[in-house]
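Some structures to go through are shown next.
Shared between the two complexes below is subunit A, which has subunit B as its partner in the first and subunit C in the second.
Now for the complex of A and B:
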């Protein structure tokens, strides 16, 4: 039988406490923006990826967020694994509670598929 | 009464490395997957902490000045594979006079025990940055 533990806080025996749930990433992904359908290499709480065009990817979450006000952070490179690769820019924007738009650009502002894109989602689950 | 749990280690009962945890609403999430496995602040340029100096870190062994604008980061407890997710940010200067000098940062050369971050400006040229912030999610070995 599964065991369930219910507590109000988890913390050290001294010092300040923090909200454990608020500090957990609710989703993260490492994907290839150059691949068909923006292929994910590794994910958490991601059900599928989609390619909406050059530099445009969509992440669909398995467990939806409670609203569309969550925070997305990103980092990306033009090529994956290149020790002298060029940085690109990416933004992770809430589209819906279960969809995140990840748009990629070169540093000159042109839409472009990036070889390495990392994104993390912080916020409240539904 | 508020309940408080004081323990040194928490493991899953069915699977030690997987604990389901109630989210803010009715959905559940996974404790291990939501935890950042590594984070750190590094000064390569020497504007704030000193050249090639770490600030606060978690699960970082050391950093190495690899090239102009490039830092190699060594991981203390290795990741299980090379497909983890790294968020990297950087800024050229820690002084207010140069507060518009944001830089672009990304990760490469990902291995289970290390990776490289590169700080660049708009034309792709590498340049040492005073602040490099990294945040890593993925699976520990």
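Now for the complex of A and C:
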């Protein structure tokens, strides 16, 4: 039987409480931007990945966000596991409620596929 | 006494804003930390589930997770800033990569590739715990 717990906040037995729902990441993904269709290594709430061109990936969410004003954060490396890369940047931005653009480029500003990209999405689900 | 609450869905007290408990488990940050890397007091200033943070060299550091992740495909994200002066921050970049279920590394560097240290280094890791 499905069960539902109705609460506004959750906290420990002492100290402050917090808005648990708002503070949760609604999606995250670790993917290879150099692979066909920006292959995901591990995900949560991601239904698919797409490659829109050099340095351009799209994340499609399984459960959509409530609007396109959510927040995306990223970190990346040009080559996965390279401990001395120092030449890549990635940004994540909402395209719409269920799609996120992740653009990758070199520190000189050229579009480039990154071998390791980690992205996290925060906001409200629909 | 330890307590265990088993539910499928969370809602607010008015019965709105439903969210599956799968989002609670998978969407919760498994580790975070704030490290000061630039000034004379180089230290981990605040953290959750971080056993240690090490200053490896200029612009290079290692984050060690206390309770390991389940694999090496989790998603650490790090942002950093040179100092607190408005408009005075250096233009720089961050790179992050995973080296183990309980370890990830972080570099800060200028656009030309030169390593430098930042005062404000913030890390968050999502994924599945072991």
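By definition in this document, the second predicted complex is superposed on the first by the 123 of 126 C-alpha atoms of A that agree within 3 Å, B and C clash if a C-alpha of one lies under 4 Å from a C-alpha of the other, contacts with A are read in each partner's own complex, and residues count from 1 in each chain.
Methods note: contacts are C-beta pairs under 8 Å (C-beta built on N, C-alpha and C of every residue); 3 or more make two chains touch, one makes a residue touch a chain.
None of the values given here were measured: they were computed from a predicted structure.
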Subunit C versus subunit B on the shared subunit A, clash or fit after superposition: clash
Contacts for A:87 in the overlay, against subunit B (first) and subunit C (second): which applies, first, second, both or neither? both
Report for A:64: first if it touches subunit B alone, second if subunit C alone, otherwise both or neither. first
Is A:126 contacted by the first partner subunit B, the second partner subunit C, both or neither? first
Taking the contacts subunit A makes with subunit B in one complex and with subunit C in the other, which residues are shared? 2-3, 5-8, 20-21, 24-26, 28-30, 41-42, 44-45, 73-77, 80-89, 107-108, 116, 118-120, 124-125
Report the residues of subunit A in contact with subunit B in the complex, numbered from low to high. 2-3, 5-11, 13, 20-22, 24-26, 28-30, 41-42, 44-45, 63-64, 66, 73-77, 80-89, 107-108, 116, 118-120, 124-126
Along subunit C, where are the residues that touch subunit A in the complex? 5-15, 17-19, 23-24, 26-29, 71, 73-79, 93-99, 105, 107, 109, 111-113, 115, 124, 126-127
Interface with subunit C, subunit A side, in the complex: residues 2-8, 20-21, 24-26, 28-30, 41-42, 44-45, 73-77, 80-89, 107-108, 116, 118-120, 124-125
In their shared complex, subunit A is touched by residues of subunit B numbered 2-6, 10, 13-14, 21-31, 33-36, 67, 70, 81, 83-89, 104-110, 116, 118-124, 135, 137-139
